[in-house]
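Across the two complexes that follow, chain A remains constant while its partner is chain B and subsequently chain C.
Right after this comes the complex of A and B.
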């Protein structure tokens, strides 16, 4: 009797999980794989094969876009780490306890505002009639308005801005757990600032660095809004290609193939990141 | 400390200046998006033309305020409905998952736990198209086989809700499971020893303990849903939520300060909700 009740409660608890994962994650992805392997040869006649993938590799525009998206995402990840690490260190180790809480909260505020509003804010700052351009003219540095929008630099600024919090939060929480005496010991043993940073602080912060980098890379490679709004027509981001295939050309078969390629690409990078740093997925995600 | 001693005072000041500059960088786009909501001009740009509340309450063109703009209001309404549904359903799924993974033992538990986390590392665009593909092929199948049109499976509010649940459920599960792990199981045993039924213990001891985490998870889910763009983009039908409506305006029509007014409104709203979620959690943990 007791055993039956236990089993029943297990089944009841498992049901929502199973429904969610099966209907919203597993089946949709299987459906996408099947669709990506299908090719329309005549109206209502389909053949199965790798034609959609072959088309991707035969058309330089497509794979160039994926490579471009990947390398720019990598650049954004590195920049976010370099810019964010000192901030995380300041929050965790240098600020006093009260300031620490306040800074941490300040860091989280932009997180609660949508990507759209953040990108919109950057548009108002960077465009030809924008705040920065007007300000520089007012100062007399510029003689006429300049357009700072619709180029790669604007896209990178916007992306770093959007994702940097996902770098700072895991870094700060990892560094927060580090004992100050470890750093002091490093100095007492005669290490200089750089040595202490390289030999003690960075190795300790490695789990935080890994989870920050993985989340940031994934978010950047999968982002759509920021590259489109700040990069304009020439942003050529891979998610834009997927949107184009799905919505504009209504070519779902090759859109699904592109989607699978993006998923495979980000998964491989995430997997490599985990392997190289010796982290597990569960630890990585729960940090943020 | 990384920076120590009097001779390094200058360096410390430099470091502080860097931290300050970083927070200005964080605040700048948000401030520019918010400030121009009050500029009495037809364009969200300098020069400053004087203070106005017309972009909120103006009822005549061309300065039609957000509270009289029918499309923005209906976007706000749909976003609200979607976010409420997503947050209720994901808190339910999250609570079940928390009990499942914290309290129960079953074969393959680690595998299922990883499966639960995976949705967070799938790009949102992919979740959107995969659910679109599955729902459409299901709808097409029904139509061809039984000549039965199931409107629900075509792009629209229902699919948007499903798409957002697919990854938001992971977030709520993690938040609620973290709280349940802290629960002292002897409290349940004491209640059972005092003669309470399992059901009664659940409703009077365990769930009240979890309440703060459930509310916080619900608020987070509400905000994530409200701000979501990538997944929603592919699943949206004729009833556009606010982010999609705003994106169309920013991208195609060009911006007027009414978008700044909406941004300001959303910043205040999500800021208050985020504070509420922090307050709910802190209040409880102080008492425990």
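Right after this comes the complex of A and C.
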């Protein structure tokens, strides 16, 4: 009897999770894989094969876009890390407990506004008739209006802004778990500031750095709104290609193949990153 | 005790406030080379602030700190040759034992071969020659302790600061580590400054102990001096166990004083500070349990010898603790008095409820003006 109750409660607890995994993650992906392996030989006639994937590699514009998306996402990740680390360090180690809460809240506030509105915020600032352009003209630095949208810098600024919170939170929580005396010991034993940072603080924060980078990289590579709105037609983001295949060209087979390729590509980058820094996925999850 | 007169550390009139709180109040002391110096005080007395100022993590508001004769006030913490063993040791978990010890040497830019030599040498000296490749989490509590000391000692510091490093250990290990730390100090022959709130740690290990209270040093002396000749009521009450009464002086009886306690007992006590010799002076008197003799009441006509205190009481309970067993005796004024007794487990042992006499000499009764 007791055993049955235990088993029942386990099943009940496990059911929503299992449903979520199967219905929303496993099934769609299996569907995608199946879809991506079909090729159209005639109207309503399909065969199974790798044609969609081969098409991707034969057309430079496709894999160039993927590589461009990947490298720009890496750049965004690095920038988010460089900007986010001092902020996380300040929140976790220097700010007092009351200020810490306020700072976390400040970081969270942008998330209350939708992606779309935030991107439009940037557009208001950066466009030809926008705030920055008008202000510079008013100061007399510029003689005429200047367009700051629709280039890579705008896309990168917008993306870093959108994802930096996801870097700060895991970093701050790892650094928070670090005993202050560890840093003091680093100085006490003769280390300079840079030595303490390089040999003690960064190695200690490594799990947080890794998990922050994984989240930020995945979010950036898979983001759609920000690159389209801030980069315009020039953004050439890979998600845009996928959208095109599905919606504009109604070519679900090739869209599915692109989706799988994006997943494979980002997974490989993350795996490489973990290998290079000597971290394991389990480690990054448990330590933050 | 070192025979040289060389002074490793001098602190002159150091003060430090945090907001309105005076953490360290005009403290001066100096520590001869090679001695084991303890700062003993209740938590919050300012001892941690004091040690952090010596290490350079806090700046004193006023005063001077000299190491080997040279002022270090303007020296950054990483440039001072003062090393510190932290309360939770602060070993670096991402480095193995070898790297932990080599860290300081690498910061100094010592050649690779010499690092190797010195690390292995120090590991030999702490009797853990083969642990170099182990990770920190694979070490036992006592081993971590020794590695933390070795990590500092490999740098040949002028002074080693220890901030309650035994606090996190369990009792048995703590007892063993006390002896071990003392031996390590002998072996390295370096000045150790040890801060603790545990008096037995301070008394067992130290050459000199400073008793700190509310930011000031109450008394500095050898453990024996502090125990047997405390200079203030705080020291008498803080170091060792004692029975305590407060009362008023009545008259002097030779060298001793007659004191009437607040609960009506008349006791003879020795004035331990100058203020307590006046008449009608409020005083605290202390008597240690080991100086009280417990005897069964046999004959009512027994006479108090001159200079002796004698009380009658009833054994309330026995606190058996091997060689340190105690009796709690209820006095006529309903106070519980602790007295050391011997419990052999035989027929002769005292039992709760027995009538007893407590006898002690006035010379061992300490009296301080309040």
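The rule we apply is simple: the second predicted complex is superposed on the first by the 253 of 288 C-alpha atoms of A that agree within 3 Å, B and C clash if a C-alpha of one lies under 4 Å from a C-alpha of the other, contacts with A are read in each partner's own complex, and residues count from 1 in each chain.
The working rule: contacts are C-beta pairs under 8 Å (C-beta built on N, C-alpha and C of every residue); 3 or more make two chains touch, one makes a residue touch a chain.
Since the structure is predicted, the reported quantities are computational estimates derived from the model, not experimental observations.
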Quick check on the chain A-based superposition: chain B and chain C, clash or fit?
fit
Using centres of C-alpha atoms, tell me the angle at chain A that chain B and chain C span after the overlay, to the nearest 10°.
90
Which partner reaches more residues of chain A (counting touched residues only), chain B or chain C:
B
A:222 contacts which: chain B (first), chain C (second), both, neither?
first
Thinking of the overlay built on chain A, is A:57 touched by chain B (first), by chain C (second), by both, or by neither?
neither
One more residue to check, A:185. First (chain B), second (chain C), both or neither?
second
Give one of first, second, both or neither to describe whether A:46 is in contact with chain B, with chain C, with both, or with none.
neither
Nearest approach of chain B to chain C by C-alpha atoms in the superposition, in Å, rounded to an integer.
7
Residues of chain A contacting chain B in one complex and chain C in the other
184, 187
Sites on chain A touched by chain B in the complex
9-10, 13-17, 20-21, 23-25, 27-29, 31-32, 35, 83, 86-87, 89-90, 93-94, 103, 105-110, 112-125, 129-131, 134-135, 161, 180, 183-184, 187, 193, 196-197, 201, 214-215, 218, 221-225, 228-229, 239, 242-243, 246-247, 252, 255-256, 259, 262-263, 266-267, 270, 281-282, 285-286
Chain A partner, complex, touching residues on chain C are 55, 57, 76-79, 82-84, 86-88, 90, 92-95, 103-104, 107-108, 151-152, 155
Considering the complex alone, what residue numbers of chain A touch chain C?
179, 181-182, 184-192, 195, 199-200, 203-204, 206
Could you please specify the touching residues of chain B with respect to chain A in the complex?
1-4, 15, 18-19, 22-23, 25-26, 28-33, 36, 43-47, 92-93, 96-97, 99-100, 104, 106, 112-127, 129-134, 137, 162-163, 165-166, 169-170, 174, 178, 223, 226-227, 229-230, 233-234, 243, 246-247, 250-251, 255, 259-260, 263, 266-267, 270-271, 273-274, 278
